[in-house]
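Next come two complexes, and both contain subunit A; in the first it sits with subunit B, in the second with subunit C.
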Partner chain A sequence: MIDLLLFNATNGLIIGAFYALMAIGLSLILNLSNVINFAHGGFLVIGAYLSYSLTPYLGFWGALIVAPFLTAAIGFLVERLLIRRVYGRDPLYSLLLTFGLAFIIEDGTRQIWGALGKPTSIPAFLSKPLSYQFFFITGYRLFMVAIVVLAIAVLFVLLRYTRAGIRVRAGTLDLETVAALGINIRTLRSLNFAIGIFLAGLAGVLASGQLGLEPTMGDGLLMPSFIAIIVGGVGSLNGTLLGGLMIGVAAGLTAVVFPSASDAIMYVIMAIVLLVRPRGLLGEEGMLT
Partner chain B sequence: MTSGRMRQGAILAAIWAALIFAPYWMPLFGGYTALGTRVLAIGLGAMSVNFLLGFTGVLSFGHAAWFGLGAYGAGLCLKWIAASTPLGLLAGTLLGGIAGGLLGALLVRRRGIYFAMVTIAFGQVFYYIAFQWSSLTGGDDGLRGFARQPLHLGFATINILNDATAFYYFALLCFAIVVGIMGFILRSPFGHTMIAIRENERRARFLGIAVELHIWIAFTLSCFFMAFSGALYAMVNNFADPRMLHYSLSGDFVIMAVMGGMRTFWGPLLGAVVFVVLQDYISSITVNWMSFIGLMIVAIVLFFPRGLLGLLRQRKAA
Partner chain C sequence: MKKSIHSLTPDRRTILKGAAAVGALQIASPFVIPVWAADAVKIGIANPLTGTYAATGKNEQIGMQLAAEQINAKGGILGRKVELLFEDSTSGDAGTAVQKTRKLIERDRVNFLVGNVNSALAQAMAQVSNEKGVLHIVPGGHTDPITGKDCKWNVFRVCNTTRMEANAVSTLLFKTYGKKWHFITPDYAFGHTLYQGCEANLKKLGGTVTGNELTPLGITDFSAYLIKARAANPDVLVVLVQGNDMVNCLKQISQFGIDKQIHIAGTQQELEAVEAMPPEARVGVWMFEWYWKQAASQPGLDQFIAEIRKKSGGKVPTARTWFGYVTIHSYALACAKAKSIEAKTVAKALSDMELPPEVKLQPNKVFFRGGDHQLMLSAFIGQLNSKGDGDPENLFKVNSVVAGESIAPSIADTGCKMQMPA
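Right, the complex of A and B next:
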């Protein structure tokens, strides 16, 4: 029983890390631009399919690095051409815009790569289970977590120590003042959006090795990311990280006792958090509420 | 002022005339009566979303949950409890409305984009329940095995089950009643308070208006309307499925409201007509209908944010 619990908790932590990667990208965009990116799942799909198409030319490792950058470039263009036009307008319009965008991306993926799922291959040394005795966890899952941890660590370092990162954090608190200090917030928002999309692309590449490719693979990952943000508290990236890990572990543990409720548990957690601490676990009072 | 009032009266008469004679003029344009009934139910849903969005300024992106709960409530009631159309409608309305009202109490302090996000997430709870609890709801295949029942009026029986035209008129009567209630509320002091909150929440608060309470009541009313339209919708095809609760349907409703003109009372109905007919038509000629709908949404947001009726009004003012 202890083994089983431990196994499921670890598994949950792995899934939670993955949710957190998605959610932090969403959260970055939400914090600075006040846009809920409904198309985040769509960008994840783009990243996954790009890596699929690039693998024959660049190999697994090359695709892992290049695909997220290409996805980020697409995200950058989309922000320049479309998203930026709705900044400062009622949040309704940014929601609808990205909602429509998600439709176009899903259909476009289907048009380019076909509606049927595609199998993906991962290097043999990653697909073997690490240990049969304790946890039946494949090397790929551990590899996923390592990449996620690395990506999030790099992001946090960038946000903390680079000029652009400090501006992003300042902009989260008070964008008007940041603009008044002579900082080009248009560029800052584009860059920030591209970073968020980079994380979505990376999540897509990682997910494709685990789940396989499908035009709708982003759908199931969008809702947990929303919940991670709400539970963690809007405006706090640490909170989003915590929220993602929490719902992952909770889902993993629930799967032991009551498998069919493992999806529902994250909504229960969200309801409790909203009741007890409406701003979210690490959210600031008065942020966006 | 009198000419304006006359004009308004003429428009109202035209709308009702178009709705009343729909079974006669629609076939001329390749429509069919069931499509008209569907548009009525969906249009009522879009108007319910707009009751909150357009007149209180609160954006719920999870209203499909109440629509779907209404549908399941009606279906389950017809299937297991009582084979009666009015009771089915009542059951659906109560199920969706009460669930919405309870959750609404959790949400009223949230605003703007945060409110939208929380409504999406909570809406999905009901999607999962409908999807997972297959012994009750039929799961992914949807709820089948129920049918709307003929109406027994004591002195006569109206067979709305097999007569599509009779059912259209029944749906139109329901539509008229609910729309009448909506209009009545919006003209009442409560309705004016809703608009005051939309225009300037802080000022409304300083005037001593209990903003949270008003938003909660408006939200709950909107959930009841929504659930009613869902119950009606379930009876069009005698079918309910989990996608009726999914947030993408919520998005469709919001798009209909915006496309028609969300600051107007009738705009969402017009938006629903255009949206449903277009979706019906486009999906019959191309597999890429999703791209067309997506492009349409993007175009509306970027170029016609005031919607069709808003555009007309602007032109008139200019």
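Right, the complex of A and C next:
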């Protein structure tokens, strides 16, 4: 039993790291642009399909690098053409817009790549367990965690030490003042949106190594990301990271004792956090009124 | 607080409400292909064209279209042209399915109703068709009650019941692979009845269940369940999830190397799912409800494969394509036999009607059992073929083709008390 719990806790951390990657992208966009991006799962799917189409030409590694950048480019265009028109309006507009966008992306990918799932393979040396006993720790899953850690580390460094990153952080706290200081917040928001979508694209490429690639693949991954943000606290990237890991571990542990509740446990945690600490675990009070 | 233009923020409640709405993503827009003509026999189809079951729904659609073309080329039904009216039922929203069914019956006045891939939606549609007295064939929803305790005079089914699926593989698995079974079961009607069937068979044979992992529909990560399953050390890991869940589960099983330690098996397997898996994940013993590559030659089979290839971008037919094909042909055959399109007369003609070789496309007798309106179709039992043995399209090695009659429970056991109207 102890073994089982330990196994599942470790396993939960692996899954949680993945949730966190997606949630941080969502969180970036939400913090600076106040847009709740329902199409985030759609961008994840775009990233996954792009890497599927690129793999024959670039190989697994080439596609892993190129696909997220292409996804980010699409995200950049979408922000320029659509998303920016709803800034400053009632949040309902951006909800409706991104909600519609999610449908368009889902059926768009179905039109382009077909409704039937696509077989995706990963390099053989990654698709093996590391040891007989710890069979659930495969090379690929470790690799996923490493990429997630790397991506998040790079992001945090960017946010802390680069001019643009500092502006993004400042904008999260008070966009009006940042604008008043002469910073072009239009460009800042486009860039920030593209980075968020880059993370979604990366998550998509990584996910397609483990999951079946089909147009609705992003749906099941979007919800945990939202919950990670709410649990961790809106406005705090550290909180989002913590939230993602927490629900991953909780879902893993619940699967040991009460498997059919392993999905529901995320909502239970969210409900408790909202009751006890409505701003989220690391959220700052008043970030979102 | 007055909000300035830059700090207009969504409040937490909006985020929560929005998050709740995300579940509705799979509900999609209406999609109609109207084909009109005077005096045609209209067939209304409410089946998934979007969402999780879009791929299977689409394949059923292709099969139906082929059948309708063939029927029209031979003079239609009783000299009247056949027209198909497709509606997107969505993959999981019973409300939409019922609304589309009512629209087909009340506004389009269809003579015959078809649907649904999703068992729950099929059941909801059957309520409506029964109330309206419209003949209805369920091409691909498997849960038992449709031709069991909820059977109706106007409702027939082409695909297997879950009990037939369980019966098809249980004895073979027990004899070949061992008596300790662990299950991974989707947590809804289809999974529950399928598990009950397997469990009952296993107990009868003297085996034991080491555990049953009930997994939420649409779950992406099976690792937690697989950790538990391996710890229980069973002889066989029986995977009952379907569709994309099946793809995810088998992909993870193969990456964890579990297929090298425990026998992997299951009941229903579909070509749509297998095609979406990488070669290394194509493992285990399964049952297909129909398979295109058959040992003995069947009249019309080669032509069927060739026609479907033309319609599906070169792909071979799947069991789903066959379901759609059989559904429309069965209706036309029954009308011809009854010399009428009146629902009750056609229903009587369809009861105990045997399918001709060019429609059944398989060995054994295939017929709609009169007592429960269930089609007695063969079960194709065999192993997944990871590389296709020289033919990349041949992903399943059929070991035996078992007659439907031999795996179906008796009518008394189905719980069906069929009452045909006078």
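In this text, the second predicted complex is superposed on the first by the 286 of 289 C-alpha atoms of A that agree within 3 Å, B and C clash if a C-alpha of one lies under 4 Å from a C-alpha of the other, contacts with A are read in each partner's own complex, and residues count from 1 in each chain.
In the analysis below, a contact is a pair of C-beta atoms (placed from the backbone, for glycine too) under 8 Å apart; a residue touches a chain by one contact, two chains touch by 3 or more.
Fair warning: this is a prediction, and the values are worked out from it, not measured in the lab.
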After lining up the shared chain so the two structures overlap, which partner does A:D263 touch, if you call subunit B first and subunit C second: first, second, both or neither? both
Going by the contact rule set out at the top, does A:L221 touch subunit B (first), subunit C (second), both, or neither? second
Subunit C versus subunit B, contacts on subunit A by residue: C
With the two structures laid over each other on chain A, which partner does A:L275 touch: subunit B (first), subunit C (second), both, or neither? first
Let me test your reading of the model: by the given contact rule, A:T120 touches which partner, first (subunit B), second (subunit C), both or neither? second
Considering only touches as defined above, state whether A:W61 meets subunit B (first), subunit C (second), both or neither. neither
According to the stated criteria, A:V234 is in contact with first (subunit B), second (subunit C), both, or neither; which is it? both
Let me test your reading of the model: by the given contact rule, A:R85 touches which partner, first (subunit B), second (subunit C), both or neither? first
Kindly classify A:D107 by the partners it touches after superposition: subunit B alone (first), subunit C alone (second), both, or neither? both
A:N11 in the overlay: touching subunit B, subunit C, both, or neither? Say first, second, both or neither. second
Overlap of subunit C and subunit B interfaces on subunit A (superposed complexes): 34, 36, 38, 89-92, 94-95, 99, 102-103, 106-107, 223, 226-227, 229-230, 234, 260, 263, 274, 278, 288-289
Touching residues (chain side subunit A, partner subunit B) in the complex: 30, 34-36, 38, 82, 85-86, 89-97, 99-104, 106-108, 111, 223, 226-227, 229-230, 234, 260, 263-264, 267, 270-271, 274-275, 278, 288-289
Touch list for subunit B against partner subunit A, complex: 53, 59, 61, 106-107, 109-114, 116-118, 120-122, 124-125, 128-129, 132, 248, 251, 254-255, 258, 288, 290-291, 293-298, 300-302, 305
Along subunit A, where are the residues that touch subunit C in the complex? 3-4, 7-8, 11-12, 14-15, 34, 36, 38, 41, 88-92, 94-95, 99, 102-103, 106-107, 110, 114-121, 127-129, 135-136, 138, 140, 174-176, 179, 185, 207, 210-217, 219-223, 226-227, 229-230, 234, 251-252, 255-256, 259-260, 262-263, 274, 278, 288-289
Which subunit C residues qualify as touching subunit A in the complex? 1, 4-12, 14-16, 18-19, 21-23, 25-26, 28-29, 50-52, 54-55, 58, 187, 213-216, 218-221, 223-228, 230-231, 244, 247-248, 251-252, 254-258, 272-273, 275-280
